[in-house]
Amino acid sequence: MIRDFAIVWSERDLLLSGLGNTTILSVLSAIAGLVIAFVLTPALMSKRRWLALTVRVFVDGMRCVPFLLFAYIVYYGLPSFGIRLDNWSSGLVALTVYHAAYLAEILRGAWVAQPREPIEAGVAFGFSGPRLFRRIILPPLLLAAGPVIGNQMIQIVKDSAFLTIIALPELTHAASSIQSRHYVPFAAFITAVFLYWGLCLVIEAGVSGIDRLASARR
Amino acid sequence: MSAADVLAILQGAVVTVTLSLIGILIGLPIGLGLALLRWANVPVIARVVAVYVSVLRATPLVTLLLLLFFALPNVGIAIGPVSAAILALVMNTSAFNCEVWRAALMNFPKEQYEAAQSVGMHASLRFRRIVLPQIVRVSLPGLVNEMSLLIKVTPVLAVVGVVDITRAAVRIGAETYEPLPPFLVAIAMYAPIVFALVSLQRFIERRQLAAEAA
Amino acid sequence: MTNDMAVLDVAGISKRFGDLQVLSDISFTVTRGETVCVLGPSGSGKSTLLRCINWLERPDAGQIYLNGDRIGINNGGVVMSDRELSRVRTRIGMVFQHFALWPHLTVLQNLMEAPVQVQRRPAAEVREEAMALLAKVGLSDKADVFPARLSGGQKQRVGIARALAMKPDVLLFDEPTSALDPELVGEVLLVMRELAREGRTMVIVTHEMGFARDAATRILFMDRGRVVETGPPERFFVSPDTERARQFIQRYAAG
C-alpha cells in the first residue's frame, strides 16, 4: 500500500495539474455564474411579468436537469446546431450556465428575506436601476447568502468532476489516468478525495470569513 | 431514433429510479444513526463521524464511485457495478442526510426531552415517541431536497457500466450518430421526477408554515 | 399658481389601493423654513402622503411641485423615467420610521453614499460635510461604526444626517421616533428641534404631540385620507375647528 502511494507521489505533477484545473474551472465558473446571476436575479424580481416568467422557466428548468446530462448536451448536442466547443469551453459553459441558475435562485431567496425599508431608502435617495441593485441591494444579499453561496461553490467543485467524462483533465480525470497507468486505484482516488476535501475546507474558511464580515453588519 | 430506443431509455429510467430509491431508503436511517452518534457526543466516534461527513460532503460522486468500483476488488472485495453504485449512493446521501437530521436534533427543545424523562419514559421510548416524530417533521423538507439532489447525480452511475437512463442515451446516441435526441429524451425523464420532488418540498414547507401560522 | 416662497406645493393629490381610497384631493403648500407637522389617526394616509410626494407611491391624480418643478411628470407631460425621478428625489430628503440605514455601509459611508454615487459630488468635499453633520447630531465618534452597532436613537440621528447630506430642499419625516424606546425619543427630537430652529423646510408625520405643539409652524390634521384641518399649533391644540380634531387631541393628550 505504501508503494501505491509512492507511485501516486511520483505522478504528483499530473495530480497537481488536475487539482489546478479543477480549481481554475470552479473559480472561473463560480465568478461567471455569479455575474450572470446578478443579471438573472433582478429579472426574477422584475415587475415585467414576461421577463420574470422567462427567467423563472430557465431557472426551474436547470434545477430539474442533472448536470451531467446538461454537460452532455452542451458538448455533444450543440454541434447539431453548428456550435462546436472544445471540452474546456463546453465544460466551462456548462458549469457556468447551470450554476448561474442556482445562484440566481439563492440570491432571490435572500432578497425576498431582506427588509424592504433600506431598499426603499435607496430609491428615495435617488438610486435606480442597475446602480440601485449594485450599491444598495446586492451587498447585503451577498453577506446574507454567503454560506449558501459557499455551499453552491462546493457543488460547483463537485460537479466539475463530472467533466472527466468529456475528457477534461481535471482532478478526477488525473486520478483515473494514474489508476489506469499503474493500477493503484485506492491510492489514486483516495488522494483525489482528500484533495477535494482540502478545496472544500478552503471554501468553508472563505465563507466563515465572509460571515465574520456579515455579523459586524447585522 | 426509434420507439425501441425510447423504450430502452425508459428501461434505463426504471434502473435509475430503483437504484435511487434503494439508496434513499438505506441512506435515510444510516444518516439518522450518524446524526445520533454526533448528537449524543459518543467519544471518538462522534469525531470520526464528523470527519466522515465532512469528507463525503466534499467528494464528487464520480470520484467516490470510481474509488469503490476499482479499489474494493483490489483489496479482495468483489463488487459489481450495481453494488458499487448503491454503496456510493448510500455513502453520499447518508452524509448529507446526517447534516439535516443533526440540525433538527440540535434545535430540539431540551425541556421536552426532560419532560418525557420526568414522566418516566426510558431512553428508547423517549426517542421513538417524543423526539423522532418531531424531528421527522422538521427534517422533511431538507430530506426531500437531498433526494432531488441524489436523483440529479445518478447519471454518473453510467460511468461504471450501470445501464441507467444516461448509459442508454449515450449508447443510442453513438449508434444513431445523433446524440441530441436521446439526451433530450433522457432529460424529459429526469425533469418530471426532480420537479415532483422540488414541488413536494415546497408543498411541505408551505403546509408547515401555514400550520405554524394557524 | 405656485407662490415664490413655496418650496413644496401639493395640489389635489388622490391615491387609492384597490377599493380603498387612501388619499382624497389633498392640497397644501409648505413655504421656506416651515415645519409642518402632519397628525392624524392610524391609517389616515399620512405615510402614503409622504410617499406620494417623492413618488415612492405614484399618485392617481393631482400635482406636486418642488420649487416650481413638477415632480413625477416631465416637461413633455409624460411620467418621468426612473432616471428623471431619481434626479428629483435627491432634492427631497427622507427619514424613515425604521431608520432604513444601509447595513453594509459604515455610518460615514451611509452619509456619503447618495451624494457621491447619485449626485456625483467630489468625495473629499462630501466627507468633510458628512463629518460636520455627524458632529451636529452628536455622533462624530461613530463615523466608522456599522449601523448594527448603534442604538435606535443613534440610528435615527444617522438617518437624519444622511438625509441632510444630500442638501435637500425639503425633509420628509415618517414617524421618526415611533420605533424607539421611550428613553431614546428625546435625543432624536432634540436634533429635529434644532433643525426647525435653523429654519429647515420640513414635513413631519408624528404622534409626538408635545413636539408638534412647540416645534411646528403649522399643523396638518388628516383623517380618512383628507386634510380635515390646518392651522398654527396654538390654535389647533387649544381650539380646534372640528370635532374630529378635538377627539384626536383629547385621546393623545390623555395618553
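Going in written order, the chains are labelled A, B and C, and every chain counts its residues from 1.
Definition applied: a contact is a pair of C-beta atoms (placed from the backbone, for glycine too) under 8 Å apart; a residue touches a chain by one contact, two chains touch by 3 or more.
Because the structure is a prediction, the values reported are computed rather than measured.
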Chain closest to the middle [Cα centroid of all protein chains]: A
Comparison of A-B and A-C (more C-beta pairs in contact): A-B
Centre distance in Å when subunit B and subunit C are each reduced to the mean of their C-alpha atoms: 55
Subunit A and subunit C: spacing of chain centres that average the CA atoms, whole Å: 45
Chain centre separation in whole Å, for subunit B relative to subunit A (CA means): 21
Of all residues in subunit A, the ones touching two or more other chains: none
Footprint of subunit A on subunit B - complex, ascending: 54-55, 57-64, 66-67, 70-71, 74-75, 151-156, 159, 166, 169-170, 173, 178-180, 183-184, 186-187, 190-192, 194-195, 198
Residue numbers on subunit A that touch subunit B, as the complex places them: 60-61, 63-70, 72-73, 76-77, 80, 154, 157-162, 164-165, 171-172, 175-176, 179, 185-186, 189-190, 192-194, 196-197, 199-201
Partner subunit C, residues of subunit A touching it in the complex: 115, 117-118, 120-129, 131, 135-136, 139-140, 143, 216-218
Residue numbers on subunit C that touch subunit A, as the complex places them: 54, 56, 82-83, 85-87, 89-90, 92, 94, 96-105, 113-114, 117-119, 146-149, 162, 166
